[in-house]
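So that you can tell them apart, the chains are marked A, B and C in the order they are listed, and the count of residues begins at 1 in each.
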Amino acid sequence: MSKGTSFEIPIGPQHPALKEPESFTFVVDGENVVDVKPRIGYNHRGIEKALEARTYLQNLYLIERVCGICSHAHVFCYSQNVEEAAGIEAPPRAKYIRTIVAELERIHSHLLWVGIAAHEIGFDTLFMYAWRDREVVMDLLELISGNRVNYAMNTIGGVRRDIQSDVAEEVRKGLQKLEERAKYYTGICTSERTILRRAVGVGILKPADALTLSAVGPTLRASGIGRDIRRDDPYGAYDEIPFNVITHDGCDVASRVIVRLGETLEAIGIVRYALEHLPEGEIKVRAPRTVASNESVSRVEAPRGELIHYIRSNDTDKPERYKIRSPTLGNILSVCKMLVGGYVADIPIVLAAIDPCFSCTDRMAFVDIEGEREWHMTGEELRRYGIKWYEAKG
Amino acid sequence: MSMEGELLKSLSKKPITLRYPYEKAAPLKGLRGKHSWDPAKCTGCGMCARVCPAFAIEIFGKGKEAELRVHLDRCTFCGQCEESCAPGALKLTPEYELAAFSHEQMVIDFKRPNGPPQQT
Amino acid sequence: MTMSGELLQLAEIIIYPGIIFIFLVSFLYEWIDRKFYARLQNRYGPLYTGPSGILQPFADFIKLLAKEDIEPEAVDRGVFRTTPILILFIPLLGTLLIPISGLSAVVHFEGDLIFLVFLLTLIAISIFLAGWSSTNRFSTIGGVRAALQMISYEIPLTLVLISPAILAGSLSITGIVLWQSARYPLIIFQPIGFVVAVICFLAELERVPFDIPEADTEIVAGWMTEFSGRKLALLRLSRDVETVLAAALLSAVFLGGPAGPGPPELALFWFFLKMTAVALIFTNMRALFARLRIDQMMNTFWKYILPLSLAQVFLSELISLFLI
């Protein structure tokens, strides 16, 4: 493997290629990547523990802040989870409004991703244009929910705000502009020669590997496997809205671009259909303050893939245990597979192609495979452990 | 070369960015910004302080004598206080330029009966 | 008489059209580049420092001079400290060879075109030394990439700069400008040469699509990673001076430089006009493409650019034998 000419490059925790801290140590030989060792956990904030100390209503706003870009997906999953544990169901109008906001967030996330991916390959112009058009969808979300990120639309039992007809009209106009821009970007990304040279054939993930390494979301669908929670396990209003699951067979970065831009166009279609068929009725039902002892699992298709939440309640107004598994955690093993054998210059674009959201990802669990030991650490102990580890590393 | 047409078109268009602070984006209606309090309607029930997820509201006194203190640096602008306020005394206005140089400047003391709220 | 003649020469070298003038022009061209780049992206660019942001590059320079200059322990001190100065002054020396304020340059001799190409190579070697002496993993990769890039663009660039000399019959830039002022700009016979020269200069200036040695999303800042404070200020200024050198050289050799219709006092005006046109072309290329990988860049240059430059030289020979 290494003939004494290889050395290690640390990408992260701080690096211009990563928008969020995560450590990947690459063993490179010239320009070829020989091996990669990931270490996750740099963005751990103790959210799961904090959830246990607040009531269900307060947790709505804490859960939003697990991630800035997929915040609504997390709250959607949480509200569904608590509603199922409490045995209530949101009214149809609320489900449609939740779906509309979820799809608008998907558009927002994918446009943001196009900009970031362009920046990673040095194409700052596309970055500026994609983020300019992202302002359209952010203004729409501000109109609907009152904030550009962290929309706080959901409550337990439904949604907090209604979509009036003048707001719906603005949304339709904005969607028109977004559709035209999304088609333009699809044209650019499939015809601009420098982008194609950086993206085609880069970061290959074969379908068999994708399945064994538990890839999710657009990363999986760009390898030709059409799994989408919205179709396989419908939630919200997705069982009543027709849409296509976009897949592509290329297995490389260019396919992931095509899948994401295709999903943006599909999302625009879903929002239009939902606005047309918005059912009348109330927007929320009364939720109980305490939730009886119950367990529940809920899954949602976040912009990055499959998001799973688990809750255990115990008859009080605070959850006993809450667990979040976010899609990027599922994609990290696949990204390590994609990086080995490539070039150093491809590292940022391959990392960006799984749309990493390390804020969502970091939960801590020390697992002793052989023995029975469990670790519980306070914040101060964790800090000291980290300092000792870095000193030992040299 | 695919984006050349778009680039040349941009030369003739006005730039999309705003020359802040000389030009500002008007906040859309319904934006959740700074709090406003109507002392005439407040009954001092304390629901706002109890539901706040960031523990940003403090209530002093009881009933019709109650006064509020809002810590804007802890506030997440979720609007739960506005939603839980039954008489509709606490509302969120669209004012969003709230930056300050110290923590003390970010605390609003809503007092009565001296009329408009003071910001220390 | 000779005393004041020498004093005049010294003033020409240091003040106008020499060092201080070139520094001011470099700041001006960085501003032009940033504004045009921003307008291509539908935004404003520098806006508040000075009218329309024209003092922004100068303000950035002053700010960097005032920052702390951190030197890591493991660097090779002598080389590390000398290379920023070298990288700044070599292009400055090059600009003295280009006619700016009149039809002849401050320094001109037969063969100064070759000397200029040699200076460009020296810049690339200094960049490699800067990256190597930093003993940082990212700098090493950046320095090696810079050396690889130089190997690829140097031959086409030399060829394509020599072919106007073949037509003008002189290896001195001043001589080429004089030939063009008497007849017509050489770009008429050298369209391929001009395009190839622009591409090679994009690689020399390390601009997108060839900013591979300082790819900021991949290797932090490439060979510039460990430089900070005053050294970084010098490096950023040197990048602007190189841009001025490239634009001035291209406009002198292909477009006729200060030569143009009208009285000889308008020389400076023509010079600025042509230089601005070339600088805007550089900026447009910068906004239009993504960054290539080093192996793709070498592929492009050896397979396509080098044959084109050879074809251009061949064409120039034919034209000079049969047409003029």
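The rule is simple: contacts are C-beta pairs under 8 Å (C-beta built on N, C-alpha and C of every residue); 3 or more make two chains touch, one makes a residue touch a chain.
Everything quoted here is computed from the prediction, not taken from an experiment.
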item	value
Chain occupying the middle, per Cα centroid	A
Best-connected chain pair, where connection means C-beta pairs in contact	A-C
Inter-centroid spacing, subunit B versus subunit A (mean Cα positions, whole Å)	28
Whole-Å separation of chain centres (CA-atom averages), subunit A against subunit C	44
Whole-Å gap between the CA centroids of subunit B and subunit C	52
Junction residues of subunit C, two or more chains touched	40-43, 287-288
Residues of subunit B whose C-beta touches two or more other chains	1, 3, 7, 16
Numbers and ranges of subunit A residues touching at least 2 other chains	125-126, 129, 132, 192
Touching residues (chain side subunit B, partner subunit A) in the complex	1-3, 6-7, 16, 28-32, 51-54, 76-80, 83
Of all residues in subunit C, those that touch subunit A in their complex	40-43, 137-138, 141, 208-209, 211-212, 215-220, 287-296
Interfacial residue positions of subunit B with respect to subunit C in the complex	1, 3-4, 7-8, 10-11, 13, 15-17, 19
Subunit A residues touching subunit C - in the complex, by the definition given at the top	7-10, 15-17, 31, 118-126, 128-129, 132, 192, 194-195, 197-198, 343-348
Complex interface listing, subunit C residues touching subunit B	38-44, 47, 284, 287-288
